[in-house]
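Structure first, then comments.
Labels run A, B and C following the written order; every chain starts at residue 1.
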Amino acid sequence: MSAVAASATPLVQVEGLHTYYGKSHILHGVSLTVQPGEVVGLLGRNGVGKSTTLKSIVGLVHAAQGQVLYEGRSVTSVPPHKLAQIGIAYVPEDRRIFRLLTVMENLRVGFDRAGVTEQRKRELLDKVFAYFPVLADRRNQAGGTLSGGEQQMLAIARAMMLEPKIILLDEPTEGLMPRMVSQIRQIIEALHREGVAILLVEQNVPLTLETSQRVYILEKGMVRHHCASSEIHVDHDVIKQYLGV
Amino acid sequence: MDILSSIPWELLLIQTVNGIVTGMILALVASGLTLIFGIMDVVNFAHGELFMLGAYLGVIVVATTGNFWIGLVVAAGVVAILGAALQVSTLRPLIGRDPLNTILVTFGISLILQNYALWQFGTVVRKVSEPIGSYFTLFYLQYPWYRIFVAGLAAAIIGALYVFLKYSKFGVWIRATTQDRTMAQAMGIPVPLVYTGVFALGAGMAAASGVLFAPLGGVAPTMGLDWVLKAFIVVVVGGMGNLGGSIVAAILISLLEAYASIWVSPSQAVIVSFIALILTLLFKPTGLFGTTVTR
Amino acid sequence: MPERKAALSHTTIYWIGFCVVMALLIAAPFALSTFWQRFLTEILIWGLLAMSSDLLIGYTGMVSFGHSVFFGLGMYGAAAALLMVKPPNLWLAILFGLAGASGAGLFVAYFSTRVRDIYFAITTLIFSQIFYVIIFTWTSVTGGENGLLFSRPHFTIPFLVDARFTTATMHWFVLAVVAGSYLLLRRITQSPFGMVLQSIRENEARTRAIGFPVQRYKIVAVMLSGFFAGLAGVLYALQNEFAAPDFVYFVTSGDTVIFNVIGGIGTLVGPIVGAGFFQLLREMLSRIFGDQFPYLIPAGFVFIAIIIFLPQGLLGFARRWLNK
């Protein structure tokens, strides 16, 4: 593909991943990498396996074949909760915040980890509330009472509480109003400035191309195209071919 | 009116107290069962045997140390550890499989535990004396303070459980895991550990109930089955997975049974709980407080 | 051109196997002592009980923990006929027993099928306990704790035969009933009705979505299961000449489930093998370690091990083959 300078060890490397849902063969040998601090986009139509790829990395879906490497070490069979503890955060489609827990409790789950000092907890909370003031206002409300956009913010906020090295973001702008979409863009950019890597699955092509350094395009469970975001734009043939309506 | 005077008011009030006492112990047993089911989808058939083992351990420790309270703590602790060991060895391998497997396995465990007790302790009912021996006058009866105390302590334990679930770190973990096991894992909560901990907690509660009950009814290897059966009824009537519902149902059913005992023999009074179950199944199968919870 | 030898069809092999097993069982009384004859007969009876439960567990996906009530009512029903009608009539005993068990089946089915999965298991358990308490305390009718004693009726075919049962002939009678029940159950599981049951086991929601009245099918399944369990109860009463509340107690239901799981659910014959395995284990252990040995402890370990490591049971590997 194009010349993207590969640094030492990728943060996350997926090699030849094959996964099944029952008898359905969803991923047919997906391979991709994410460098430390990089924002990488994953594009493709509905149902091609983008979410499944993320779930496979986090260990929520069992891979029949292939492996996932994190900082050079194989983590294919590491349980999901351990991956969260070593720096892989996951924000799923439809958010899935804990509806019956308060905002505060949702966040707590993220920083109630070993080795986090009380001071660090306060710092994390302050940071997150600075990013998302509306969460500070609603901190004692049950998660289920928040609006869709607020829940999305909570989902990202609690992922940040894990102090992750990489966040797997699945369709964060789905169902959000334009104003919220631009807020999401700002958050992705802010996280990128902090050095957090992001693997972004999105239907919103312009957003993806603007915020990421590289993109992969998936079709029918395989990577069909891979290049730097600067090399293509929304009207590019490749986009039309794999994502065109 | 003459009818009013023929109602045995004093007896009714005494039975109310008795009903509440038994109800609180039953609530404690049922809470453990509900906790385990609500969080892990495991119907713990062996819950009655954990109750029974707790009672026996309590008896043994009391016999050696002479102190009831040490017996209570040791019994609850040891059975909790036993529960954790059982969960890790027999239930963890079954995670992800059809939940009916767990009811079969816990049935197997109850078989082993009950027969072990029969083998070691024989069928003779053991007696334990109450740690608080004094009485007060309730109408025409000398009513034991111990019974009141048991009700209070059971309530306190349930209250402590509530506080624990609501405010402690592990409590938040438990509640998060109950709501969405997958996302709990994705957030770094060690779900397998949570499961083991919950099972141990439930087992400890069952054992504590057993020790508390021991001075009231004696200890026998088969006592577990009756209690677990009634606890199952309570849990279904109250709404499976609903802690508050189990407690209310436990007290309600125990009260009704206590009243029924005024007119029929105790072994027939259990029909009350059966009727409660039938009515619940007829009119509200999800239980009094049950709602369909989406996972 | 070399002729290809036709492989024996599955059906042929199956029936040959069936005949071989039947032949062995028929010949058994000639080779075994009285003790072992009765032992074998009892295995067949427990096997029938477990087989009836397999219809629910293996084919409909419903675990019942309350089969003891059907077994017990079959027993008490037979007892009622044998005690109330003189001279004691074999066929009346069977009729009464089946009626009692089916009645209980309808009652239990009506309530328990309203709930699913685990709740169903618990509900059947509780209902069988209800019957236990009633039988245990209604001493005037059921003999309470002590149960009922009666004598075995003659084997009669009106105008043709009137003979006492010997150990051997009792064995053959039981064998005929059990074998007949097996064949009947096999037909049922392979019929359209049986196919719907299996569809319910695989995916209840989808079966309902297709349009089948799932609850009605479940009720019929429970009643059928109760029917055959009751038949086992009748046989037990005939074999042992007493009825006792112990058999309505939960332990019998528990044993049934154990036989099913050990033998292999969904195979119909598996449970019979499970019953045999379990009873033999028990007999061996008590011979080696003495009567007081709690044989249920190692049996419990075996049971748990099978669930975890061999969930298909002993005959599970043959499940597809046995059902074709």
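Just so we're on the same page, a contact is a pair of C-beta atoms (placed from the backbone, for glycine too) under 8 Å apart; a residue touches a chain by one contact, two chains touch by 3 or more.
All figures in this text were calculated on a predicted structure; none of them were measured in a lab.
K.L.:
Quick check on this structure: which chain has its C-alpha centroid closest to the centroid of all protein C-alpha atoms?
P.N.:
Chain nearest the overall C-alpha centroid, as shown: B.
K.L.:
By mean C-alpha coordinates, which chain is most distant from chain B?
P.N.:
For chain B, the chain whose C-alpha mean is farthest off is A.
K.L.:
Please report how many Å separate the Cα centroid of chain B from that of chain C, as a whole number.
P.N.:
Roughly 33 Å, centre to centre.
K.L.:
What is the distance, in whole Å, between the centres of chain A and chain B, each centre taken as the mean of its C-alpha atoms?
P.N.:
Their C-alpha centroids are separated by 44 Å.
K.L.:
Quick one: chain A and chain C, Cα centre-to-centre, how many Å?
P.N.:
Going by mean C-alpha positions, chain A sits 55 Å from chain C.
K.L.:
Can you tell me which positions in chain B touch chain A when the two form their complex?
P.N.:
169, 172-173, 175-176, 179-180, 182-192
K.L.:
Show which residues of chain C lie in contact with chain B when the two form their complex.
P.N.:
The touching residues are 63, 65, 111-112, 114-115, 117-119, 121-123, 125-126, 129-130, 133, 136-137, 250, 254, 257, 261, 292, 294, 296-297, 299-301, 303-304, 307-308, 311.
K.L.:
Where on chain A does chain B make contact in their complex?
P.N.:
Touching chain B from chain A are residues 58, 60, 79-82, 84-85, 89-90, 92, 96-101, 105, 108-110, 112-113, 158, 162.
K.L.:
Using the touch rule from the top, collect the residues of chain B that touch chain C in their complex.
P.N.:
Interface residues on chain B, with respect to chain C: 43, 90, 93-94, 97, 99-101, 103-105, 107-109, 111-112, 115-116, 118-119, 225, 229, 232-233, 236, 240, 265, 267-268, 270-271, 274, 277-278, 281-282, 285.
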